[in-house]
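Data block below; observations after.
The chains carry the letters A, B, C and D, assigned in the order they are written, with residues numbered from 1 in each.
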């Protein structure tokens, strides 16, 4: 059960509502976000929700039988639109392209990618400065210093930044240099990180776990929302399977299923999904037709020399073709 | 190694080639199909293939390092086109739609589906008369009698038939009433059935196993080809995973990967793949954009009353919309 | 619902029971096996089963809510014991060891294995003559001729034979030379083969599918039983997973779960399970402690020269140690 | 390549070795733990390691071709023994039992469990105070306050504590109240947490990820070791699969494989593994026979009233039987 509160109600009015929720046998969770003020009631009792709906201070009330509540489409039918400023919006009805290298490597590389994105009217650049690596001896990214460099070049060129955050203690340091925090597959159930990002107010792109279920992904998003941040996108990035012909199984089934269950935008990462450069294009186009609200993929001026993930990274020429075709596919989808 | 023989060479010439193949340390498999006459050499010795290429009777010779040989794109770059007669062709450059109920139920049902297909210019109808069922007590299909009825109505209306064959002993009885034999996921490694279908000359649609690998699917196709039948299509129909939000994970990654590895047509079954009626359309459209040569899906006049698989079956109105959109998506893909 | 009929009841009495079952809204399936005569009622209506239990000709009646019926422990609490003759029994309370090569290769090999088994008081030899192989170009076994040789040597030495049957048409030819028919993982849902083995009366060892569920394995056994054959053992042989450190994941969880659900014996195949020779012993011992009624494993006089599966085959010295230790572990388990 | 340094060598001697490692084209990582001082060389060049082995300050040098180095059995053949004090040791040759509730609930509960453990001579109690939960609205544990209570009762009774740590910032607060830090499956690739635990010097039990590979588990352990902490145990706790008949697939194959690859102790968690109370015993006994160095399982005075995981928790009577049988099985294994 979700109760939307009226704006700016007095504490006593709110307390009264909380008491009433508890009195019908529900656990009451107060949630205050950038966008609204809610009470989430958790419980299974059967009662007439109108008795709560008529209380002073209540704007609206909704039953939500899912385990996740605030991110469910059952109460919020309109899709969430996330505004990054300067006219850059993410969400249903738009198609967002986020592209860039796996790892930020140096100034020259950032400039080349930024140039490529500008030429193709792409507004969001991806690039990792904190890299989760299986081996402790592998390159772990340029860190904060790299992020500052990344940020300066992007800001000068009107490009927004999405980059991965790996732990709570990085959030504050990164906050001013990031437009979207990315939570990687390995941290998809790092609940403390999700809590902290809920308090951070910046948009978050949340990746599905290595073998994450749809339900787990949605619950992870609920962590962020219920801590105060509604600006969440979900990202399908391939699931682990027995198949060795590709890196992961990019699971496009997740797209229509997520779109039906939640009002949050759904983004697809074909690079990590299939993990094979030659097949990034068909998987991206398929993602568009399956209903994705955006695609995040890896591109690099010389993929074969990239610090990481070169085998799944397309070059700028391939990237340009991909961008054009995705936009054509999106146009067709919008005409349906 | 594949040696293409010239047409109609004398037995002695052929024997000489076989001997030469063995003499370089390879196992020699002679394969005679509707289309050609081959010797498949299995082995790993390194030698100059031109020594064999120059033998009398040899039309061409190719190295193929894959485990599968005759179905590989390494020697046959041109895609296989399968002709069902009356102008109905399956393969790269065309887009085939095969639709119909999970199970053939009765005359009325067949007529309604046929009518629906004709109205939408769809040339191939699917429908099961032998149904593999998990439980021995479930409905197992109308059998041969159902097939004869199915065949008569389709023939009168110029519609081709694809239907599942479950065992070797059914092939002969079904032969005259079928345009494409379908091999189901549970029989994808029923090697005796594959051998027999190789001898049967009718086109075969071969489904990927429940948890079948790409390699296993290709090897299964090699069984059919090496027994004499080149008319094979591969079908992605969803793989088993831990995810319970959908029936299977329709694995669209398989499409570009299979298209790169083999010259055979690749068909997608979104109905069994995602298993949810509402999401058959986005997955079908995604399949088109990922490069599929066709789609096979379930439709029924009243899905909720279907004998089987109703939850993943679309009604005629949804089917009509789906057909139109798939054709538009295919058109766009062809323009790329 | 399972109705056990009295022995030798007149047709009219049976017909009356069938009618009564149908009249309460159930589908009635008559099953006649070596051991008994049953009517399996399929349906979900709620009614007082005593009304059927009191009919003439009814020996007993049981509710079974599982999808599988006759193989359920819900009606038959006592475990099934399978008698191969000459004092060789398989089932709860005994521990059966079945060992031998992956493939039957030649007379000498059979004799060496038989000698090894006799020295260790092992009564059942495994060995394949029909081999399901991923590639059509691989060795497919010695066939019927090999089986006759296998049978002759074993009969002379008092050893029972278990070997794989791949298709219906082989059953009749194999019947006189086999003590237990093995159904391989790839045929675990070859329903026509299961039907035919149900009619064949010989004991059957049924392997779990490549990614077979517990439920599917039990339903496959129900196919055999409901066609007339109660002599069934189930075999855990490893499931497919994402892990590449071993061939399959030998799933010992299946043992206690299957033992709780069915009265049939449960056998474990550690060789195909983990697929690594060095680890066959610990997995076998683990299987004993988890409650398995037997183990089937691969041994060969020179594993590194075996025609197939050498990497998972133990030599005779390792086999001897394994047998001794499994028996000690079984003794301990029996003392619990 | 691992270079063991002599104790207390001068900085200049060490620097010289580091330089020499780099000069042969390797990346040199210095590692100082409680037990030793190492240089881990990462690279693939071929050279005579004796040239480095003869340098002043080098105690020993080993090639290790695995991706993980310091935890490999290739250089350290002797098993790691972890000493918790008061005669409590974990590692090969011993068999450790760790038992207790999923969540610490209150003083009374802790006392009852402690009493049960003492009666059965079990020295280590498990119990969560920080609980990773899928839903943000679920009980998340008693936190630090609960841990202090847990610690006080255990210390008075000579019981060691193992409990889960979820984030870096908790380590310092927990340090004095914990004998073993547990890293849960969801944090198995939380690399910052692993780094920090490497610096913390307390023993760590590291669980395999939800769908973690053997390789990933070993690499995660390498993170801890290479940050300075050799006191690591690995824990198999079940992997995610398509099977719904049990919670996870407890993967006992991991035991012999891990034991062969690493010198670290291997512990098994049957409670989370199979997730069904009735089957915890057979899976635990199987784990013993497969070679586990210990078992960690859930027990509670009234499992059906436990705050969490009741369905997989055994009561004290079952626990007592389990302990006795595991010890008998271990005795048998040691006699082999």
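The criterion applied here is as follows: contacts are C-beta pairs under 8 Å (C-beta built on N, C-alpha and C of every residue); 3 or more make two chains touch, one makes a residue touch a chain.
For each chain, UniProt lists the protein as follows: A, B, C, D = Bifunctional 3-deoxy-7-phosphoheptulonate synthase/chorismate mutase.
As the structure is a computational prediction, the values presented were derived from the model and not from experiment.
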Report back the single chain whose CA centre is most distant from the CA centre of chain D.
B
Chain pair with more C-beta contacts, B-C versus A-C
B-C
Any idea how many Å lie between the Cα centroids of chain A and chain B?
38
Separation of chain A from chain C, taking each centre as the mean of its C-alpha atoms, in whole Å
49
If you average the Cα atoms of chain B and of chain C to get two centres, how far apart are those centres in Å?
33
Would you please write down the residue numbers of chain B that are in contact with two or more other chains?
211, 215, 240-242, 244
Applying the document's contact rule, which stretches of chain A touch chain C when the two form their complex?
211, 240-242, 244
Residues of chain C defined as touching chain D within the complex:
211, 213-215, 239, 241-246, 249-253, 255-257, 260, 273-274, 276, 278-279, 282-283, 285-291, 325, 328-329, 332-333, 336
Which positions of chain C touch chain B when the two form their complex?
27, 29, 40, 42, 67-69, 132-137, 166-169, 186-187, 189-193, 195, 209-211, 215-216, 219, 222-223, 226-227, 240
